[in-house]
Amino acid sequence: MKTLTDKAEVLIEALPYMRRFVDKTIVIKYGGAAMKDEALRHSFAVDVVLLKHIGVRPVIVHGGGPQIGRTLEQVGKASEFVDGLRVTDDETMGVVEMVLGGKVNREIVELIQRGGGQALGLTGNDGRMIQVERKRPGDRDIGRVGTVVAVNPAPIAAVAESGFVPVIAPIGVSEEGLTHNVNADEAAGAIAVALGAEKLVLLTDVEGVLDGEGKLVADLDLATARAAIESGVIQGGMIPKVECCAAVVEAGVPRAHIVDGRARHALLLEIFTDGGVGTLLTR
Amino acid sequence: MKTLTDKAEVLIEALPYMRRFVDKTIVIKYGGAAMKDEALRHSFAVDVVLLKHIGVRPVIVHGGGPQIGRTLEQVGKASEFVDGLRVTDDETMGVVEMVLGGKVNREIVELIQRGGGQALGLTGNDGRMIQVERKRPGDRDIGRVGTVVAVNPAPIAAVAESGFVPVIAPIGVSEEGLTHNVNADEAAGAIAVALGAEKLVLLTDVEGVLDGEGKLVADLDLATARAAIESGVIQGGMIPKVECCAAVVEAGVPRAHIVDGRARHALLLEIFTDGGVGTLLTR
Amino acid sequence: MKTLTDKAEVLIEALPYMRRFVDKTIVIKYGGAAMKDEALRHSFAVDVVLLKHIGVRPVIVHGGGPQIGRTLEQVGKASEFVDGLRVTDDETMGVVEMVLGGKVNREIVELIQRGGGQALGLTGNDGRMIQVERKRPGDRDIGRVGTVVAVNPAPIAAVAESGFVPVIAPIGVSEEGLTHNVNADEAAGAIAVALGAEKLVLLTDVEGVLDGEGKLVADLDLATARAAIESGVIQGGMIPKVECCAAVVEAGVPRAHIVDGRARHALLLEIFTDGGVGTLLTR
Amino acid sequence: MKTLTDKAEVLIEALPYMRRFVDKTIVIKYGGAAMKDEALRHSFAVDVVLLKHIGVRPVIVHGGGPQIGRTLEQVGKASEFVDGLRVTDDETMGVVEMVLGGKVNREIVELIQRGGGQALGLTGNDGRMIQVERKRPGDRDIGRVGTVVAVNPAPIAAVAESGFVPVIAPIGVSEEGLTHNVNADEAAGAIAVALGAEKLVLLTDVEGVLDGEGKLVADLDLATARAAIESGVIQGGMIPKVECCAAVVEAGVPRAHIVDGRARHALLLEIFTDGGVGTLLTR
Amino acid sequence: MKTLTDKAEVLIEALPYMRRFVDKTIVIKYGGAAMKDEALRHSFAVDVVLLKHIGVRPVIVHGGGPQIGRTLEQVGKASEFVDGLRVTDDETMGVVEMVLGGKVNREIVELIQRGGGQALGLTGNDGRMIQVERKRPGDRDIGRVGTVVAVNPAPIAAVAESGFVPVIAPIGVSEEGLTHNVNADEAAGAIAVALGAEKLVLLTDVEGVLDGEGKLVADLDLATARAAIESGVIQGGMIPKVECCAAVVEAGVPRAHIVDGRARHALLLEIFTDGGVGTLLTR
Amino acid sequence: MKTLTDKAEVLIEALPYMRRFVDKTIVIKYGGAAMKDEALRHSFAVDVVLLKHIGVRPVIVHGGGPQIGRTLEQVGKASEFVDGLRVTDDETMGVVEMVLGGKVNREIVELIQRGGGQALGLTGNDGRMIQVERKRPGDRDIGRVGTVVAVNPAPIAAVAESGFVPVIAPIGVSEEGLTHNVNADEAAGAIAVALGAEKLVLLTDVEGVLDGEGKLVADLDLATARAAIESGVIQGGMIPKVECCAAVVEAGVPRAHIVDGRARHALLLEIFTDGGVGTLLTR
């Protein structure tokens, strides 16, 4: 059990962080376990509402791969992947938009509202917010899959300044106005840069970046991160996450975090304690 | 061909209306032919963008019945109706949300953006904007079909004040946070009242209200409208439209119009000419 | 007769111009037929009031040569001209001031007020607004005739920002505080520059600039205009008008128009239609 | 010669008055000797500029009877009077407007500007500021002679708030838009009331109100003033002046003064010394 | 040691309190052990600075009895007490002012500044902030001892709004401008009322209010508090403290606390934990 | 006795100065006779209140040497001086703080308040306003005697902007937070520079700077002042005063005055008359 002295220490530790993040924007990529497990979903919502409550401006960007897959299966549409990217014809894209924008996004809006907050769902075609070019891996046309080339921050700002938590589905729009599928981590990173966010948080299903001996690395700077990718210490699915964080930090966002979304209140602890949880990447 | 004098006359006729509606909100129920025919879709987008351009604040509320029906068919789900209301079980509601919020709404946002405007899509669960109670026709439970009991105007105001045209899908939320299907005319009316709009416009597929001899009635006051329903002069599908307008006018919106959406630029002509088109209902 | 489609087209043509000129200043030199003919006087007042009504800021500068001549005749004072400039001794200047400031200016203020606007008359000695040096054609002293050397925009801004249409008599003040007669076109041009106006409009009694074959030239750039004066295509009384417009455009006002004041609603058509009327001079 | 102690005493006496009148409006009827004698004209201008300089808002209303008479004589127009009011046909009114608005008003504007201030001339038809009904002494129509029924303070406020000293010619406008001759004291009083002025000052050619023994009465309240008129202590031309002041004070202006304009700097001394000069009327 | 879950719980408990008190004023009577013990002095300064840091507005009112006594002894002035009040002749008052305003107050200002805050010392004669009447216990004149009759909040507001922590010495001023000694608890209470504070905190050297069995009473309402005084459950030095809190709550301050100043970070725990420490008195 | 003309002249002389100093800061070093003589104390208070009243922002910095000496004597503490600086051990500094901050400062606050103003006392440790380094004359440690190295203007601005007259005791704080004795002229000068004051006024017990023949020098520029010190024309106690003024003027304060505080209303006359009193030093 906690003594009063313990409580005082936690508070003294947290108070300066509260002040630092007041009126600051934190972009959070929400996905993985934190989006599936009911208890973690609830703990996520509580964290977001508390952040908002004390004056921080959280912006949520979500993924939705599993739900899209399930729905495509239901309508009997086979999924094909090239370099880990879903080949997306027009019919598939129609399903992607309906699932991400009409279902997943809506559920997160409601999740936060049940936690006591006010949320507002957006997709990247609102105000042509997420602008993309078509991706062509190995020069192959895999259809409506895009890479972000610009972000119009106005729709997010409009929503956030009016007191709502923006919840964003990672759908982009090409110059001709065609919607495209976008990687959620990439979208979150580009949005953090465009908003001049104080911090990007990627909620993942791992502990963070591990060193050669499998121990968590708490802090990482750009040069070390890149060397670790080069030398093979960082591997597999962690590589694009670290590269996403590195690009964001390089573009001026002071801090990017890879946080273990499987722990309750990971978001809160990451922001308000000295140690934090997961791996922090800075310049 | 138009002479200069003709042009001057049109301008002199229109200028006072421009001034009257600057910074005023006009809620437009968009549906029917104007939503299906490509040329009419384009003319609608041009009208909305011009309205926005000269300082009017258009708010679009759309329907989507046909698309919902088609998608339910595709997934092999039978449609059942009670008193003209679609019986809506949870699975059906999932489809409704995906179609209205993830497809129809998105297409209208993009339509306006192609016309040169900036739009932002909303559904009634954003900020729990459209609050409903379950409808029970003849005390029968037909599932997630709601009637509007309150509207939170904050999300729409946030969007409109930031320069975007709000495009709203008629989905409501019950007190427990469950989404419900809502009639689009009803939603548009309740939104017009909540926003203190200057005008409600229902775009329909008829000329307007007709009198006993089949001639268009240009102006109608509350008492006359009700008498005409009573006496059977107004019949069929026109009855709920007139009742919707009457309720809105009674609640304080100065003008409600039933406009023929099959005519090009119906919206513009209705707002900026003395004669207008269709039927105007006032106190 | 105009069809609805015609009306829609006129409106669609006009709407962007309305937006462009909102909160912008347009300086209008008012004189000639538009000031004498009763119907044209009324049409001018309607145009000014409508402009004001939709948010444009019209500023009127008027002449008054004929009335001055008539009054001088009445008091038995002979008029003498050098190079088209009235020789103006102190007694003559007293009459000029009384006629321009105490009569013509007042009548235009009232004309606009009868049209439904609010106007406020100014002369160039209010706040020492129009500052002049004495003109000496051929080094001859022709008395109190001045050329504008500076304009203090503060009095006009004060009046316009409070919602009044400023109506300005072209009287200048020398450094010693002596009033001088000033050419109204020249005064209007200098005022347009000092106010950073969007447009200068000279209402005249001709169709506009004509080309060698007597056809109206709709658009003219600086170089062409000067070449046409040089080559003798532009002649006579049109030369100073074009030179005035050229100087104004060169000093940064985007557009200067020579408009046929003999046509009803010339002002409105010039501003709100694509073709405009008369000749538009731009850089 | 003044000692330092004397100076200190004058300053200590004046300082509270300065504070009291900062940002307050003082309406001054300017006429008589102060308008004719060159030294007094200069002293008046210095006083007005200094008042303005320390933050008081002077508003000048001027007369012009003698100049009108002289000009009518020049044009061979006979002057007829009924009950002291000039019979004013349309031709006479034309002369009145030209002289008051085009000459006298202009000279005062320039007088103040030579003193170092910024002034702006107005007449009662600017913004239909001074609204009148026709006077009918003994039910006789004496032409365009009006009595003030309302004052629109907007034009004066626009001018004063922009830093100019408003200089107002006493010309009124009837409901049909016809200009009328108005008594300057009456106009000044009505303007003081409409502006919510702190003080009305009538500059006259007498010492002030005298008591039965010919001694100056420094302070007068409403009741005493009326009794003195009743009892015949106040006589002749002083009666309308006192009545004007009484009406103004009754309508809510805290102080009205009748001041001897024949003394240099009468205005300054009246405002900034305990004793003041002339007669002060209060509730 | 604390686990992450413990930390998360403390934060979730504290966050709503942070929000509640942002931009709210908390008046803290500082005295006793918390002012003498070096470690407690430091912990008090840390608490005040953190409160300020997260947007709360702390206002400190201090006592100083012991130091006054010591200094009077040094200058060989005997102390006499009537009903617990120090008999205060002019010489004694001179010493009181010098000790409270020139020494104790200054030390607390510096204490907070060493903790990282910005403080500004005030005494009750600044802006005649604490206005008193002379106390006459048993109708006996005991000299310059006052009871607060009014508080001018302007000096405190000026200081607090500019980002400083106001530190106030309990010296009052009578109507004639004579300084008087005032009880610090009383002064703190009157200041809390005048500032519309959210809370009054009295730091004391006891655990809080105890019940008949010697157990701490965490919550107390007005009626219960008064009954407990009546019945003798609350006794001795606790009576005036409870009465002070009761008066303050009655006058509209929502919460008054009696807190054990002997515990480290008592202030922080009291404000940011559900249990709080000490006794909370509410309506 | 003063005639009306005399009064008018004094006013016309004073009015421009009033305007010049509105909203400007004047720092006044208050000390010497003006602080001891009852009539002069009263005249000083009247002057300060009047200045404040008309919109000037007076800031008072006071000395207190004689009172400190007296109190040290009372407590039997011997005074030792090195180069005119009081050797200040910790005990002495305790007395200095109590006398300056707890007594002299308080009396001046009350003096101004009796004169009708609102004052607020500050010492240099409020907000660590006056930052000092220890003085070491001839490298000797004379204890807590400091020289100003920086001034934080925030506390003074907070107080002045809220309508209070700041009254400042010349106590400085070293980097470690230790209070030090500071020369009042030096403190006043540094404060004038930090506030961007319009003027520094040193009230002294002499007529001003005298020339070689003992006549008052009304105006002095920097070069002349320094030459006069060099050549020995300025001598003794006047040297540091002139050097203080010279440093202040060099640092950007437009005017510094040495004024005879023995004359009644010296402050007022100095500020509001052309001649002024005493010596004015400018660039």
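We call the chains A, B, C, D, E and F, going by the order they appear; numbering starts again at 1 in every chain.
Note that a residue touches a chain if its C-beta (ideal position, glycine included) is under 8 Å from a C-beta of that chain, and two chains touch if they have at least 3 such contacts.
None of these values were measured; they are calculated from a predicted model.
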item: Each chain counted as touching chain B and chain C at once; value: none
item: Length of the line joining the C-alpha centres of chain B and chain F, rounded to whole Å; value: 74
item: Whole-Å gap separating chain B and chain E, where each centre is the average of the chain's CA atoms; value: 61
item: Interface hub residues of chain E, defined as touching at least two other chains; value: none
item: Chain contact graph, described as a line, ring, star, complete graph or other shape; value: ring
item: Sequence of chains encountered when the ring is traversed from chain C in the direction of chain D; value: C, D, F, E, A, B
item: Of all residues in chain D, those that touch chain C in their complex; value: 74-75, 94, 97-103, 106, 109-110, 113-114, 118-123, 125-128, 154-155, 157-159, 161-164, 173, 177, 179
item: Contact set on chain C toward chain B in their complex; value: 2, 4-12, 14-16, 18-19, 22, 46, 50, 53-55, 263-265, 268-269, 272-273, 277
